[in-house]
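Note that the chains are named A, B, C and D in the order they appear, and that numbering of residues resets to 1 at the start of each chain.
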């Protein structure tokens, strides 16, 4: 049987659909997750048509299938509905709450930082917060400084929050289903610029383990750890360097908090060299976190400096050429890799 | 002339007072920065007595001196008044805006993340945001999970924000005056558990350069980079190890974003060994950031793994014994240092 | 009011008051880390509301949460141990005064974040509605919290979704050291309800019966699917914002300053024949004893195991 | 209305409309990165308000900000270049459509964050008040933004401090695809003003004169130290939320759907003798030309230097 190929965004839609089908307690809440609430001509025989189905269209059709009781359009009031999602999660529902762009976290941080992430701990283990926060990060679509940030690292700094960043349709579906199954607060962060990317996705229900990185490509000379869209940059670099006889191992982190130390350390111990690619701004991000752990726990195995390739320490610029220069790409990684590869060729 | 000794908190009070005295455009805004607004018996001959002067008393007396037009009590509405502070800064005032506990950032992040930090960039250099955000971090006073976090690393991850964390009264005064002089958004984060610490503070107006670390103690075998209160832990460790014949260099980062790469790299190049102490939770924080830069730029000088000593990846617990176990201290640093010292003794 | 209800209310009022007096005493002795916000003086609100609730109803509370927790039926020994940071505390000593909680009792937690409860309560009500339960959620909040944006978002959301939630404002005239009349552009909190198309009632928060009745109506409305109600209870706190507060902002002529809701209720209850004097006396001494026992329990409870530091971050 | 004012208004209305039509056209050709939110249909609000303002007054704007920027006097060539991401843009191409700004003109920026302007405008008004200037700040916001907590916080703060600020709601009936009547528990935005002890007026936002007059009163009040006013302008957007929106949520019988504020104003202005037909015609063609020139200007403007990526993070 030929594997079915669907897009990254369709994989996510399908996973939400399956989770809602499977468990009545799963609800979806957010601004315009359906759209068109109370618009007469969008209601026919008690079935709802959506006006948006999410601004990116990822929840299209869900309100038709599950109704407005479970696909809840909210006022533009992120703090309010995120905090409602936490309250609902603590009392028996399993919400998926959508933050339209991760940049809007400035309006919804407390329900995550101080409530959802800490209730279980503060209450001595007596609360469960089965909440999946779906959000969208990343530059590349000309959306400028307030709609293009990469903030999963900020979420990842908070104890009590798990953060998942899928790089391909298969993982997106499996990680989303795993996230919804978990009794924890999980931020599921999607790179909007790869929504159209297609890949093989089984039709059935399956999960991908949260907390486990995947070795996308094996190699022996240099490890590139990458996150989300950056995995494809890593693969492009790997392909290029392979021609020069350098063998690259690509590790897709998949879960950025808590990330899979074991897989990363194992890879670096084998290759002795590490580059981490992260589209986040360069400080206090996942890349630096990975680098610091490796610099501690695999130091004796290192044959060269640890390199990180991130966005510069600036907001995301609007102009097309500047935005392109802002995002890490294969050229930038190759440039940074030179120092390591140079060492390599000397050996 | 004998130098005057005053407390960490008095140094901050004095610096705000001097800045307000010097420049009419400096205002202080926050919840209960004075307290007792419109309470008749606290007004005598048009002079105001404060009820709190800040919950920690750091702005005591300022409303009496500068009046309620410049020392502004706000409703409990952090987003509102932070965003007002940004608007005021963009239009001619130089506000000091107080976030009572850094933990409340969940109610005030957007004015920093998306407005204050980005306006200048988005507007092509045509805005100045001379705003000083005073806030308070740190565990150690039994204030539990929502009043004890160490979040300066989160602020530090945002381009367009400078973050200052003073470790002693002298720096507190000089850094605060420098912050208020700057035309940028500066987060000034104070560790509440060292408010009482005394130190020499000149009476006159002076500034300490933002962005410059200080080498608190010179040494040649091991560098300890530390932040805020952790500098004193570093000094304690240094003293202890000195007896074993190990010479420690202590670098007080002072500014955590953007931090002083030059001073840190120079020190590590000299000593070949590094420990970074940071009370923040262990991931995506300043310690890991420092470690990652050193693992890249000073790799060839390193004689051993880079160690970080941070709080565990948990919320701050309430119980006294647990809270004590949570905070990095000299014992924990010594334990971690062992591996490095061991190498050292071999030499 | 039924005798049973009056007895329950009087018991809980006394338990709360004695609890707070003891907390004050042992805090003064340095046995409690951090800071405590006492509920003394506001007992009529928690008990008046909770007399209408069942275990399966939810509440969200505030930094001043001891009274809510006791009235909602949280174990008093466990509360005292929690506040002292002991192993037998409701949260294993990991939360403390500001995070007393017991989800099984429908108590979703005291909250160190002012204005943190509006959405949480709306969310609990969303669970009730979605799961088809016949319950309500109650959100307690202060006058100061009414100026947080979360008030606006929570009330609006609850109203448009017709959620079974009741917003109970404890207007004790101050948020820390800032008078409500300065901080709020509206004269009352209740009048803001109209902006959310819900009833807003202002009651004498020193009068349990008034609170009790207003709550009854609000619950009826909520359970009939008509959505939320805002109840503002006019009250006063006996002590400072936190222990140690000089209270310079308080005035001789603050309304409610010289009232005590417990004394008032005792008078009314005896007068109306709900409770006899003897019953009242014995409730008082029993409550005092209950709290003394709780202190004794908490004092001998050990500190939590150090390993618990790392536990309960994730399920 | 004075002739001068009417001429100015009619010119700006036309410039805005032609601007948006051109933006729509070139966006369709793929010459503009990202997304654009068009102001077409709402011209009466920006021009009616701005006809009362001076350069030294401040405004905060929204994601739908082109109209505000033009009416506030921002350079139109610089705007078009900015929206196309060019070097000669007002922000050097680094901000784009959602971040058009010119602080020297008192335009504190379009804003990608819904509800981001309430506090900023209050802050600008705080500057005005503290520095003793005779100006006002105006905050434009949408019906959708009125449900953000920042609305509550901003209006309350401005009111208790008597700040010279005017909150102008552009109620175009929708926030993205969600009808205002669903999202808001209150029937109008204006009625919420009472919760902040300020006047709340609702005007026909398709009628420049109505907007103009309401603004005049609000400015008088603000400058007299009496504090803020909330003005709700009932309007409608001609196109989708952003370009590319299917607009499935719009109905045949949406109020204002078939009205055009520019045509209405032309009729009224000619009828009242404020403007002659000839003047109107020539304003229209001049405006069309101005915008065509702006497109030509922007098209030949180069992309920003790559080095500018790293500039202007700090002063």
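Here is the rule we use: a residue touches a chain if its C-beta (ideal position, glycine included) is under 8 Å from a C-beta of that chain, and two chains touch if they have at least 3 such contacts.
Predicted, not measured: the structure shown is a model, and the values here were computed from it.
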Chain whose average C-alpha position is farthest from chain B's own: D
Centre-to-centre distance between chain D and chain C (centres being mean Cα positions), rounded to whole Å: 45
CA centroid of chain A to CA centroid of chain C, Å: 40
Rounded Å distance between chain B and chain C, as computed from the means of their C-alpha atoms: 35
Of all residues in chain A, the ones touching two or more other chains: 74-75, 77, 79-80, 103-104, 106-107, 110-111, 114, 121-122, 144-146, 159-160, 312-315, 317-318
Where chain C touches two or more other chains at once, by residue number: 89, 91, 93-95, 99, 111-113, 147-150, 152-153, 156, 160, 182-184, 313
Overall pattern in which the protein chains touch one another (line/ring/star/complete/other): complete
Of all residues in chain A, those that touch chain C in their complex: 25, 27, 69-70, 72, 74-75, 77, 79-93, 110-111, 114-115, 119-129, 159-160, 162, 182-184
In the complex, chain C residues that touch chain B: 32-35, 85-87, 89, 91, 93-99, 111-115, 144-145, 147-150, 175-179, 181-184, 246, 248-249, 251, 303-304, 306, 308-310, 313
In the complex with chain D, residue positions of chain A that touch it: 31-32, 35-42, 49, 51-52, 55, 73-80, 103-104, 106-107, 141-147, 312-315, 317-323, 325-326
Residues of chain A that touch chain B when the two form their complex: 79, 103-107, 109-114, 117-118, 121-122, 144-146, 153-154, 156-160, 257-258, 280-281, 283-289, 291-297, 299-300, 302, 304-308, 312-315, 317-318
Contacting residues of chain C [partner chain D, same complex]: 147-153, 155-156, 159-160, 182-187, 191-192, 194-198
